[in-house]
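One chain, subunit A, appears in both complexes that follow, with subunit B as partner in the first and subunit C in the second.
Showing the complex of A and B:
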């Protein structure tokens, strides 16, 4: 695997749209060619070379390409977005859309990410070694297709509206979340190690939410249906199984209605 | 104004019957002329195809429901909305593009006119604001009348003159172009939680049937002698088994004679026929009825149709057929927008994904193509996608590639997930016809121009007509054999002249032209009854004052008014 190292040499005045900073776009290119790739700042297009010092050539394919980014990326959007393979490591905090629509490969952010990251993520591994903002792993504004695959880990806290419209994949949050976790969920698994504020699993149709901590205010559409012993992300514990959201339409399979589950650790 | 001479191009012009012969086209002062001076700028069209600018006969491109689609679907414009180099503004949106993108994309494809297919009269100002902001192409809008209280009350009593006087008043208030009918009676019935699924279902309270509404509006349209005919979106759209209602509706035109001074020969334009040509009793046994419907269309000369081709994209459906959108929302559970427009109409919006892996969508795709391919008279069958209902208008080049190349469409047909099932339920696999460039010029230029009453200036390349000219990178002697090449050529006009100005060059917009808004001013004898009724309805029912209803001149500063005189009718 070849490594391309990007070092921020100029922090953009506005925000830099790094739609080209991912292994798929870099694949097969030399450092010089990468420097010439476009990046929008507002309506003006400039090049990656204006904002980054670029060292190392990319591999022949995305899978053979690793990108390491150093320096202040707090004003960089779309890093690793739409990537399908390879690896990206960002040693900074990042702005919006980081890892959004990613389909494969490995993305690590050693810092915080802003809102709208991992939107509609469909595959791969995305690790955030910091906090995440709102709409993490959710659907894009207006869209009804949220995170559908892959594994997303957050070491810190996340904001509100996390995992809205999630349909698949696994999301693990070590810290706490604000309101609206897993709204409109239709599949997938959320593991919350910390606490949630309010409205967890509102309008949830299918899928599973595991909460290790407390929920500030529980949704009224959930009904306790017994206790289960489970091993969740390496932790063995007893959980109370709630079914819901009973206020929502639910599909039927083999004559039986399919409900979502909210597991609260005892 | 500058002079141009387009040399050595292969010209396709149904108006003059030119079928690909090499002919020079001269342009002066915005018109096509016999000859120009030696100082005229030469455009080399060697190995290229030259046609008149294309006309869109039916698309939803301006107004409140289009805008509802834009604001409630931010996800439609998230990607690909960067500023492109050149004079264009940011272009956003795929199925519901911004007004700017709408103008640019039509121009890039060689279009110079578009008809907004459904203008709610109460919100006509919004329609005209958007039309005014759409660059390059000329536009007009059809006010929707098929569920209008005035119309239903007059026609209930067979008051054709009052109906005509009201239409005339309304077109002047809204700067409208013609008579549009959407699910006649059904949209109003929906206010009672009902629908009109056949043309004989009575509208609640008004006690009139869709058949009576359509017959009455056709008669009033010809009484006024409007440039366009009644333009109908039929009852029972999009349901298996609806083809019988479709043919019954078309039969309403039998015996009705066109009366106008514009050369128009039809009395009914039936739009997006694909959605109305379904056999079967449910989505499981759903089949094409394109043959049954087109057999009728081919023999009944006083009707025109457009196709409504499904393009197999994710799109946004929007129509004044309120009950249909509610029904669709029940099928796909995606977000539903709805509005009731007081005494006039309603509208609904629902996103829809025409997924090629779903056999119903694939069959709809077949039916749209079959309608065009079974049309014996290309001057009466026009290509549309009912933008954005069956797909975005930006897919026309792809639709052309399916119609013009059996190879391209068979590749698509045979690779459907349920290809056998789709082929078994449709006629497409056995159709060998390939639409020629000349037929395409009939279906997209001369035909729609005639149907809209614009054949004096549009749709041809005869001296005296508007210098609206599209030049494509297509050598008719070496017509491209692969789909992408056909698409590229039709999607990126080598040149587009609009009123004698080069607006597109090499697929890039280089001039914003000077678009015009067309509307029809129909003069009728003074009618005190209708004016009394208007006053009364505004006092009793409308949420706006009568004086706040008309579209002011400032909303259409570049208007082109077509006048008709029905005072001596």
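Showing the complex of A and C:
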């Protein structure tokens, strides 16, 4: 695997749209060619070379390409967005849309990310070694398909509207979340190690949410239906199984109604 | 001799009352009196004759004072600012005509601006919910003629839309609602006992920030499922009772306002209310409508939606594609994050409504305001271009809160030499063309 190292040499005045910073766009390019790739700052198109020092050539394919980014990326949007293979490591906090629409590969952010990250993520591994903002793994505005595959891990806390319209994949959050976790969820699995503020699983159709901590206010549409012993992300414990959201429509499978499940650790 | 102008459209709120009678002076220059309008609407017309109106553009001087300049000078300054800035916020539009908006959008496409309207601090969250789950709605005429279950959720038309209740929602006798108020059951859900609540048959006092839970409880009850003893401070018996009454109606409507859009969860509250409306259609006819504020904010959503597919916060910085993301391309976020280089405000007053930090950020950028009046925003602008009042001194198309287009009427002549929004924007557009042809500012 070939490694391309980007080092931020100039922090943009406005926010830089780094749609080209991913293994798919870099594949088969030399450091010089990468430096000439475009990046928008408002309506003005600049080159990546103006903002980054670029060392190393990319591999022949995305899968053979690793990108390491050093320096202050807090004003960089779309890093690793739409990547399908390869690896990206960012040693900084990042702005919006980091890892959004990613389909494969491995993305690691050693810092915080802003809102709208992992939006409609369909595959791959995304690890955030910091906190995440709002709309993590949610759907794009107006879309009914949020995160649908892959594994998303957050070491810190996440904001509100996390995993809205989630349809598949696994999301593991070690810290706490704010309001609206898994709203409109239609599949997939959320493991929350910390506490949730309120409105967990509102309008949830299908899918599973595991909460290790507390929920400030439980949604009225959830009903306890027994206790189960489960192993969740390496932890064995007894969980109370709530079915819901009983206010929402639910599909039928083989004559039986399919409900979503909210497991609260005892 | 003074004369009456009848069937005037009131350019104040989203109700767009169309039965106002305005008496104007013989020379067609002064409004003498206003009939049929509410107190706020009448004031909008009466503003026209107030002394001290700014009649020519003003430009900020190095010492901080304003100096009168010509329209051409102000337009040239504005066009240069728009062409130079890499990202411009073009906010407002809610109190101008759809024709003016469309010219503004043409400018925005050329200069890569971000077009946003007052929905961003008002019913924007309703629009997000509509993007997410759609909306079963109707016209206000249908409400007047058919509705027998009317819910006011988190809105207070008695103060914000004063003639709404008498023209459409509570008191009028319609084709199928011949008994008027007596034939309707009125519900008010609010965290306070408002003046609208005084007109309601049933008042449900919800704990602040518990609308989402209560709406979910209504949906759960409609499906016949069990509920906890109380939800948001409302006993479950009350919830079951109201749901049964709603199911028993022939035509139900939910009107909602800032109590849903600007409390915890915002768009999710509307989303849940729309889903409740959808669910109630399993039992009877049910619709939902946003109580839009500014008289033509709906029009801005319509024009933007028709041209770009998004109703507000449309980012045209890529010129060949429109992008929209509430939280990113919305005015307050753009200003708070310092994501724009210049501000262009038209037909609204963000200075009076935006959070202070956003306006502090705005005040540090080149700013142009196009507005008939002196307001909080003109005080932090570099250029203030006064224009004729749309709906009073010039006509134009507007959309009522139920998305019905209504052509507003000119009642009096604007002050001599004063341009309209359309004229100013056309001149800016032409100047932008000239600058771009020369290769920039």
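FYI, the second predicted complex is superposed on the first by the 266 of 266 C-alpha atoms of A that agree within 3 Å, B and C clash if a C-alpha of one lies under 4 Å from a C-alpha of the other, contacts with A are read in each partner's own complex, and residues count from 1 in each chain.
Following the convention adopted for this analysis, a residue touches a chain if its C-beta (ideal position, glycine included) is under 8 Å from a C-beta of that chain, and two chains touch if they have at least 3 such contacts.
Nothing here was measured: the structure is a model prediction, and the numbers come from that model.
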{"item": "Subunit C versus subunit B on the shared subunit A, clash or fit after superposition", "value": "clash"}
{"item": "Residues of subunit A touched, compared between subunit B and subunit C (which is higher)", "value": "C"}
{"item": "Which of subunit B and subunit C A:15 touches, first, second, both or neither", "value": "second"}
{"item": "Subunit B versus subunit C as contact partner of A:199, first or second or both or neither", "value": "second"}
{"item": "First, second, both or neither for A:180, with subunit B first and subunit C second", "value": "second"}
{"item": "Touching partner for A:43 - first (subunit B), second (subunit C), both, neither", "value": "both"}
{"item": "Touching partner for A:214 - first (subunit B), second (subunit C), both, neither", "value": "neither"}
{"item": "40-48, 76-84 or 418-426: stretch of subunit B that collides with subunit C", "value": "76-84"}
{"item": "Subunit B and subunit C contact sites that coincide on subunit A, given as residue numbers", "value": "40, 43, 140-142, 144"}
{"item": "In the complex, subunit A residues that touch subunit C", "value": "13-15, 40-44, 96, 115-116, 134-135, 140-142, 144, 165, 179-180, 183-184, 198-199, 202-203, 217-221, 223, 245-248"}
{"item": "Residues of subunit A that touch subunit B when the two form their complex", "value": "40, 43, 45, 139-144, 249"}
{"item": "Residue ranges of subunit B touching subunit A (in the complex, touch as defined)", "value": "72-76, 78, 82-83, 90, 333-335"}
{"item": "Contact footprint of subunit A on subunit C as seen in their complex", "value": "85-87, 111-112, 128, 131-132, 210, 212-213, 216-220, 222-223, 225-228, 231, 264-265, 268, 271-272, 275, 317-319, 324-328, 337-341"}
